[in-house]
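Okay, so chain A shows up in both of these, paired with chain B first and chain C after.
Our next item is the complex of A and B:
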């Protein structure tokens, strides 16, 4: 089933021209795409290509100027649907420090369900369940500002999980983290996905894209390609055009193949080295 | 602040070409409170002029604390530190001269843009160092062109109307306008897309190779460290655990893993080849360099 559907969606921001008159700047234009329930989808493209605009269209933070966004069958343009839609789509943004609203972890995670008017008893259960899911149960009484970046992002994810969404949108949630923090957040995302959560991962790290089911590539406000990671990374012309790069090991294996050294295309540099040694020995 | 032992320059034999020289540097945050946190322990480092040094290590390993010593944002608590011939452990070092020579680019420097126009923002530092007004514009122009922005196109724009990558370059221009001899960059490519990363790194490398600027770059991206730095300092628990060229460092795969760092892809590839008896030159660091070396090896064996 399609949990998210965009049909010819455009969004323009208000922008002031140099003479002070009001004009518009394109966010996204003519975007049509759908995401299957339970999928792990990556959204890539360079800065300013419309990724974050697209993310904000998914839970009604932005309403399309034309076209239609439906989440779980509900139109985001219909004001009566907004609460239901936001229950379905949890979002986590880039900067962990901007997303903490309380001084104790459990209160921070409870913020969402409290706003939805969930009964107190159930809130406690949801908070515990959400913290468990991100592996942060032992920090329930901690103060968020004493946690590492990766831990803070996991708390932010727990906050999103506490509203029990069907879709989790991670908008560059790993960009400001160190390698360990990134690994923690990605492991949590994949674990949630394995349990049925639809995940949309917006990222600049091509290594993170490798484990996704599908990759959507954006450029200049348009969706320019979609496919499996290997399909996308095989398309050198496309990557070049949109200013992205395949992970180094994949790039090397592709270039070796073009140079007539017949190795398998792969993302593991060490395994690739083993392959090359085989070829050199023969 | 207690200075347990007072070291002076003549005792220390500072190398002649030294840009940054630290000996027995210690630092404790909130030293007199219950929250005292030891951040640096007996750090000894010498960095020569013109080097490109990468600083890596975990969050909390002391790398930022060390880096902030270099332009005296953090004053020396104990130990000795000399930057470009100035003794920073002295009671009153000439901070103004120092800060003109040491350019600091913090994490997400674009958050620090504040002026109405790009030109005013880039000139801010120059203004504070009492550079003539005409000269300010000239220097700002050079700096903006250095970072690849067209002066006439951007000078009157609000910095907030620029894209993320452009904003970062404006912030960098504000530092470069002062023509620093040492450039300290704290995760200069964090949050940028691959193209933006390449642009910043190419620029920094050019400043280092062509203008002879000494570069210290803190980074979490081991691939970028591997391809750009001449030397890597690994900080662990407030001290320098490893200090060596990147190729040597990333041969130590077990040690790297135990510090929760990653081995760069091309290093992992070359390590595997070496284990099986195929040695590529240490200069092969980028994908294309490694490719060329493998192809050459293959051809040599076919002959």
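Our next item is the complex of A and C:
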């Protein structure tokens, strides 16, 4: 079942020109796409390609200027739906420090359910469950600003999970993290997906895209391609056009193949190295 | 460098006072602050001091931490004491000055015993006020204090005062202080790296040097505020309507015992104040 559907969606920002006139700057234009329930979808593209605008359209933070966004069959343009939609779509943003509302971990995670008017006993249960899911149970009483970037983002994910959404949108949530933090967050995302959560991962790190079911490529406010990771990585012309690069190992294996050396195309640098060694021995 | 300023003065420990309900602590502190103003004599000040020291002992906060709070008002203390010594006249016309000095005609500096007494009492009053309120902040986390304020202000909802929003602003401020401090630190370092000079020159020059810190901080603050608003909206925030709260504040036996003791003590203080000058046998209390 399609949980998120965008039908020819456009959004423009107000732009203030140097001469004082007000024009418009494109956010996204004519975007049509859908996300299947339970899928792990990556949305990639360069800075300013409209990824984050698209994310904000998904839970009604922005309402499309034209076209229609539906979440679980509900139109985001209808004000009466907005809380139902936000209950379904949990969102985690880029800067972990700017999404913490409380100075104690458990109170931050409780913020969502408190807003929904969940009874006190159930809030405690939800908070514990959410922290458990992101592997941060032992930090219940800590203050978020003493945690690492990856841990903070896991708390932010827990905050979204406490609302019990069907979809988790990670809007460049790994962009500000070190490699270790990125790994932590991705592992949590994949684990949640394995338990049935639909995940939409917005990123510009191509390595993060490898294990996704589907990749959507954006450029200049448009969706320019969609497919499995290997389809996207093999489309060199497309990657060139949008200024993205396949992960190193894939690129290398592609080059080896085109040079007539018979190795398997793969993303795992270690395995590729093994392959190459094998070839050299022969 | 500022890191720990943010946690206010909270002194983590487990004690009778720490585990009391923050609302009760806040109310009892208020009672203490008001009660101090009804103390009229050194003897009663002595009682109050002993009482406060007992509370500090029970709270397991080192006396040193409590005394540190006085450091901040030392100038004020000395100034008020000095002014009172020199400007208080005798208790009645019959009192002659303890010491007088007339540097020129028509201007005399006089010190009366009454002035010394008044200065001493005001000094004690200020010291006790500050120590008393720092017992509250030393034994209660800022988060608990916020919750206590929210809970105690609830009746104001009747006059449409936005209690929840007020408390939310308080707690957001608390949670953003550390990251704003980090950012200030970063901006200062960035500006220093570009040759900004914060340490030399006169007052005006130094004040001006802070403009390149304040402006990026302000701009960053607005950006943060917008991101925070998005994050809060995404988590279904819609103001106080139908909102519940995870934290339950429960009154326990400690709160009952503490309230009883503090209220009884200050009832005594108030009674003494009301009967001042009436019964001879307590006049010694008014020395």
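For this structure, a couple of remarks:
Rule of thumb we're sticking to: the second predicted complex is superposed on the first by the 282 of 282 C-alpha atoms of A that agree within 3 Å, B and C clash if a C-alpha of one lies under 4 Å from a C-alpha of the other, contacts with A are read in each partner's own complex, and residues count from 1 in each chain.
The rule is short, and it goes like this: a contact is a pair of C-beta atoms (placed from the backbone, for glycine too) under 8 Å apart; a residue touches a chain by one contact, two chains touch by 3 or more.
Model, not experiment: these values are computed from the prediction.
Once the two complexes are overlaid through chain A, chain B and chain C fit side by side, free of any clash as defined at the top of the document. After superposing the two complexes on chain A, the angle subtended at the C-alpha centre of chain A by the centres of chain B and chain C comes to 70 degrees, rounded to the nearest 10.
Contacts of A:100 after superposition: chain C is touched, whereas chain B is not reached. By the touch criterion defined above, A:259 reaches chain B but does not reach chain C. Once chain A of one complex is fitted onto chain A of the other, the partner contacts of A:191 are absent, as it touches neither chain B nor chain C.
When the two structures are aligned on their common chain, the gap between the nearest CA atoms of chain B and chain C comes to 5 Å.
Of the residues of chain A, those at positions 94 touch chain B in one of the two structures and chain C in the other. By the touch criterion given at the top, residues 45-48, 94, 148-149, 172, 175-176, 178-181, 204, 206, 243-245, 247-249, 251-252, 255-256, 259, 261, 269-270, 272-274, 276-277, 279-281 of chain A touch chain B in their complex. Only residues 142-143, 171-172, 174-175, 178-179, 182, 224, 227-228, 230-238, 242-248 of chain C touch chain A when the two sit together in their complex.
Against chain A, the residues of chain B that register as touching in their complex are 58-59, 163-165, 190-196, 220, 222-223, 260-262, 264-266, 268-273, 276, 278, 287-288, 290-291, 294-295, 297-298, 301.
Interface residues of chain A facing chain C in the complex, by the touch rule stated above, are 56, 59, 61, 83, 86-87, 89-91, 93-95, 97-104, 106-108, 110-120, 123-124, 127, 143-145, 156, 159-160, 163.
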